[in-house]
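The two complexes that follow have subunit A in common; it is paired with subunit B in the first and with subunit C in the second.
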Partner chain A sequence: MSEPALEAEGRQAPHKRLAARFGRSESAVAQTLIAPGQLLLLFVIAFPAIVAIYISFTGWTPESGSLWYQAWKYWLWFDNYWEALSGGAFWHAILRTVIITVLAVAFEFAIGFALALLFLKQFRGRSLLTVVFLLPMMVVPAVAGFIFYMLFQTDGPVNAGLTILLHDVLHVTGGIHIGWLTDPSLVIYSVTIVDIWQWTPLMFLILLSGLVALPEDQLNAARILGASYLQQLRYLVLPMMKPIILIAVIIRAIETLKLFDSAWLLTQGGPGDASSTISVYLYKTTFIATRWGYASAVAILVLIFVSILGMRAIRPIEAATRETIEELATAEPADEAPSLEQEIEAGAVAR
Partner chain B sequence: MLRITGKVVSIAVLGAGFLFPLYWILTMAFKPQDEWSPVGHVYWTPQHWTLDNFRQIFGVAQSTGFFTAAPTDATGPIVHSIVSATGGTLLAMAAGVFTAYGIARFRAGGSFLPFQILQLRMFPPVAIVIPLLIMYSYLHLVDTYWGLILIYGAVTFPFAVWLMRSFFVEVPREISEAAIVDGCSQWGAFFKAVLPQVRGGLAATALFVFILNWSDFLLALVLTSNRVQTAPVFLNSLQSAGAGQEYGPQAALGLVLIVPPAVFGLAIQRYLVRGLTFGAIKR
Partner chain C sequence: MEDQEKLDQHGDSETQENGASLSRRTFVASAGAAGAALLLGQGSAAAKGWSRDAYNRHLGKLALSAGMIGGPTGFPGASRYQYPANSAEGRAILGLKRLTNNGKKPITLSWRIWNGAVAQLNAPYPTKTAPSVAALLEKEAGVKVKFVLDTPDDNEQKNLQTISTRDGSFNILQTDYEHNGDYTEAGLMLPFDQYVAEYKPDWSDPKYGYAGGATTTALFNKYAGHYVSVSMDGDYQVWGYREDLFDNAQNQKDFKAKYGRDLEFPKTWDDHAQVAEFFTQPNNKLYGSIDLKNPGWGYVNWMMRYVSTGAPNRQYFDPKTAKPLIGGAAGIKATTEHVASMAWTYPDTLSKSWPEQYAAMGAGQAAMASMFSNCTKFIVKGSPLDKGFGQYIRTELAPGRMIGGKLVRRPVIYFNANFAINAFANKALHEAAYLVLQYCSSGRISAWYTGNPAGYFDPNRVLQLNDPLVRASYKPYACDELKTIIPRTAPSIAGMVGAAEYTLALDTNLQKALSKQISPEQAMSSTVSAWEQITNRHGRAKQIKALKAQAAAWPTLI
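So, the complex of A and B:
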């Protein structure tokens, strides 16, 4: 009798236990594993959703003198929804948010991509410089808002710097007194600039990691065939990078649509409502106007919009991760009984 | 030659642009009050370096400013930030690690669950603030550590799940199977065989989630007032309280706030992209 045969016989008993565990108890284990997380989500979703929907149909506020569950006393049906959808304030907030998002993501992509191309080849001090370009991303967003609040003061360093450049050096203008935070037509661009400063690094990092992973022989082949740099970019790099670019853009867009922290410290949505993003608008209706019924209706509308957007936006991310999930899906059935039989067969053959 | 010069110049210009705001807060933190923002003049560098701003936010010295009404001692808020961000991270990790393993190893909750969790990230937190406040006032969680920790844990839970999932997927199933063959239960296999394989991933995920919790402003602004007010909210209150601006102490506090995420962020630099893209892009 050979050694493998002994081994195979000795392993028979544990195999049976293995089958039992994989069969029945596996789904129980799986359920137990995800239970705490499900509970946590229930806590932030289920109850708040019910309360928000209920209150959104009423004119209740915490100042109205009755408790929230008595909000039915102020029942308004769809008045709050109608007010939001037919009035200007809600749509303007959405429009501002969309403008900020489109501009910010476009600039973040352009600057981030240019930087990634510059950083693709090794040069002296590259890793140190990479760190420099990553730093803004680590800054707490509220602090970023405060930094730009200092910079954008009318007699602050940005205007002073522009004066030095355009007046003292180039002599094309007088002193610069741009109202970055006070001019209603400008403030949303100031808010956008903060977002660009803070999040271009993320775009840079994602795109750089994508560029590094590109197959080099194809690029080399194109170069040998005489493709110019721009041609290589247009016909090779961009198409190959498409999935990564898509994910980067989507993730930035999702986050920018929620923009609050830096905008709040920079302008508090002002002057007036000139830089109120949808989040700032919601905050102001909740805590400054204290119109909780109306604010709840707006919140529900926003959640609906975001859900619709989210269904589409998730697809590329899903596609990027599906690979591994499908690997698991195909591995799964082979794991239960068959793998056991295969091993026994292998043992039998050895015998 | 021309191309190299162009490259150097563009990197230098962009680098200066991205660094200047950081330079500004760094130097502002060391400027005495009369150099913060005097009318009609900008101090590009501190003329008289001082540590007064740091003394003020750490409560060693009281604000000396003539028009300062607001107290500038930020030690309390900094402690609150540390406790609530750490607690929220522990909660998100505790729930997230198990969920991630359930998804990665058993596809628990079907193939839709991970994306459901991901979609949560798209909702602006301000949209759930009203029901949250109502619920919290019932449970007496407003302005408490537990209140902040619960919501921080829930909000950063999706990141913990997705990042940990990307690490668990990389562990070959054979490892847990071998442990079970050796007589471990599923749980034993998870704790003794699988978890040690993802130690690095655990650390990276925890630091990443900590950075997110540390950076929160909105939730703490809404849910805390005095007892557990966090540092970013305190920074904001200094801003709105001061008709005479508190630039110096604010900058010092901002700098203190930047340090932990910067240190942790650089430590887990390799995993930042993975974390922020929900594991979709692995380097």
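So, the complex of A and C:
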């Protein structure tokens, strides 16, 4: 029941009754009521972060024999950070991850957007194809890893397909024996292909949703005015889709920066560390080398980098949001209905 | 009647001549069981029309042999696994019975174990009517074991969680022998020297103990001179080879013509290179030697080459200084050979693990491979791994090197299912947990379950290797070869803190060398540098102490 309705019945809203009973202000009661939820949220978000930061300054590991809060016994100040920043392994892992992310997100966007544009039009089997295109996204990442592990064998279907292509289309003799999983110069591209296969559907889904929601009157107007398809795309669709594209790209970039499954399942980060993404590097450091202090420092550094990138990437969305708010604030009130005279006058003019 | 006579032999006395003790409760229970069996047996004998002698022999299988206080019954040959009071099994059972007040106060223990091994402990074997080890423990001592499964892949994470949270919910933990140092220093593994002194396990016993005796006990069960874990496995690396290829007259003729000597399983690494080269015919899908080279598994094949560069062996670290020894000529030679061996293996070897390797051997696609000793147990007719070539697989000692006129052949063992008492678990149950481990790792009981093909505890004792059930599973020729292999086996990096981290650094650099990202010299130099950092971080003095204690685990038998 709404507050005015309660008051109309001569009853007070619960928070007002509580405020009256305990002699506190309404806001104090409200804050007290939401405090448990806020504390829980703080605990869930802040506590692990504080523990990670604390441990990152130490040489603590569970195998040191002390509990985590006794990590101060192994205090190292910034040694872990210095080791990460001055060593090659961390930077190489970052570089590999960035390369995979840039390539994967670029291809996912290009393919996803092209598919979304195609699927804007009605055609026979559109619903069925939509489901088919979304299937890879629903495959468990571990299964996707194993599927591609089989596909990428040197004697596997991918090389066999390429060999057929070479023979039948290009009429070149000789078999293809690409070491998709063993050639250190290729292996990150194999990992990237798996990510593109699995996550292009998500990009497609987000972009299709955005395209469907675009105001049709503006597109129709452009069409009537004679804008070509490419002009519509460039001057209308892309600018209007900008916030949605940014959101899709940011979501995928953040997810790809954390890529673990395919890199681990295909090659365990190998050969050597040729496909070791930052997540694989962290996993090995944490669970095989059991250097939890160092791993925490690396995790904090990655969090800082990703946060900086995220903030920069989000700026255009904030700017767009700000513009929209300002436009709404300066616009005439929308709820002022035209008077009857105005309507008649308008009708007369129209006639 | 034979059965009744046996029971009568136990008679009213609780102590037998040979020192075996029999409680009145056990006697009554046995008599009751025998009586029930008698009634059932009479019925079945009548139904089957058995003679009295056959009927008596049948009943005999259901009872313990003279002087035995426990063990499985109910299947042919069960008496081999029965034990007197004065044995490792007997002392464990009597100790457990004391703790459970002869079963009146039952104890339940929680045991975390690899999913691929548990069936050897909780499934009836060798027949469906036979008991399981766990069922027998419960019946004899009132100790119920609740198995909770994990996998070799997530075992390390689970143990780290147990350490971080001081989780005492498991009384017995699954580990591997390489983590003895880390987990003991972390306080996870309870050192149990006092229990060993009190209950006298048979791990180093010449008849019932590990095949390598005290050396193997030190390797598997000790850290820094203290007992910390119990091995129930034998992940010895054997070299599997296709006997039909080596015996083939045309191959013998061609090999002699090419290399000027007879074709036989290689005794040295140089011989191995020639034989592997000879058999490598990629067009025929045949490869000379498909020993593992993938991350996390392949490093053992480098170790075999490296350790055999010294007589009686070459260690990874100098025990006096904890300085790495792999950076010299021996390490570079082993790495160079390891990289060269890429020429004789199958495609994608850097990403293929043992399931692919076993399948390739079963399909006859390779002449040789370094494998676990269970290769002759798993690649058999009717198994999905066998495509008709399992019957030809024979095993041999790893190749080696001639040093000072002596041939040094050194297999290496890694992983290996070990079990530890969780120091964070209820202290009142530590002794029971130890006794269960002593019981399960004892000579007779382990001989019983090791033959069970349902799990991957492999043989580690001469007694097992002579056991008919084990020999039937692993094949007699492989069991006989294991008697030669086990006492000559060297450890991987183990028995010191940070063992897994040292291994990871080595493995990563070997992978880089194998994929031609760096040279063998660079691989060794990078590994030495990483190892020094690890040693400095953990403390050199601690590592020196551990390495000196670990010296007892290195074989000297050539």
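The rule is simple: the second predicted complex is superposed on the first by the 228 of 351 C-alpha atoms of A that agree within 3 Å, B and C clash if a C-alpha of one lies under 4 Å from a C-alpha of the other, contacts with A are read in each partner's own complex, and residues count from 1 in each chain.
We take it that contacts are C-beta pairs under 8 Å (C-beta built on N, C-alpha and C of every residue); 3 or more make two chains touch, one makes a residue touch a chain.
Since the model is a prediction, treat every value here as computed from it, not as a measurement.
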| Looking at the overlay, does A:T182 come into contact with subunit B only (first), subunit C only (second), both, or neither? | second
| request: Mind working out whether A:R96 is in touch with subunit B, subunit C, both or neither, as first, second, both or neither? | output: neither
| task | In the overlay, answer first, second, both or neither for which of subunit B and subunit C A:I288 touches. | result | second
| said: So in the superposed three-chain picture, is A:P271 touching just subunit B, just subunit C, both, or none of them (first/second/both/neither)? | reply: second
| query | What is the contact status of A:A313 with respect to subunit B (first) and subunit C (second): first, second, both, or neither? | reply | first
| message | Under the stated touch criterion, which partner chain does A:Y149 make contact with: subunit B (first), subunit C (second), both, or neither? | response | both
| On subunit A, which partner touches more residues: subunit B or subunit C? | B
| note | Both partners, subunit B and subunit C, contact subunit A at residues 68, 149, 153, 155, 268, 287
| Residues of subunit C that touch subunit A when the two form their complex | 156-157, 160, 163-164, 166, 182-183, 185-187, 294-296, 347-351, 497, 500-501, 504, 508-509, 511-512, 514-518, 537
| note | Contacts from subunit B onto subunit A in the complex sit at residues 7, 10-11, 14-15, 17-19, 21-22, 24-25, 28, 37, 39-40, 42, 44, 91, 94-96, 98-99, 101-109, 111, 113-115, 117-132, 134-135, 150-151, 153-155, 157, 161, 166, 169, 173, 177, 180-183, 185-187, 211, 214-215, 217-218, 221-222, 232, 235-236, 239-240, 247, 250-251, 254, 257-258, 261-262, 265-266, 269, 272-273, 276-281, 283
| remark: subunit A contacts subunit C in the complex at 59, 62-65, 67-68, 149, 153-155, 177, 179, 181-184, 266-274, 284, 287-291
| subunit A to subunit B touching residues, read off their complex | 11, 14-15, 17-18, 21-22, 25-27, 29-34, 36-41, 43-45, 47-52, 55, 68, 111, 114-115, 118, 129, 131-144, 146-151, 153, 155-157, 160, 197, 200-202, 205-206, 209-210, 212-213, 244, 247-248, 251, 254, 257-258, 260-261, 264-265, 268, 278-279, 282-283, 286-287, 292, 295-296, 299-300, 302-303, 306-307, 309-311, 313-314, 316-318, 320-321, 324-325, 328-329, 331-332, 335
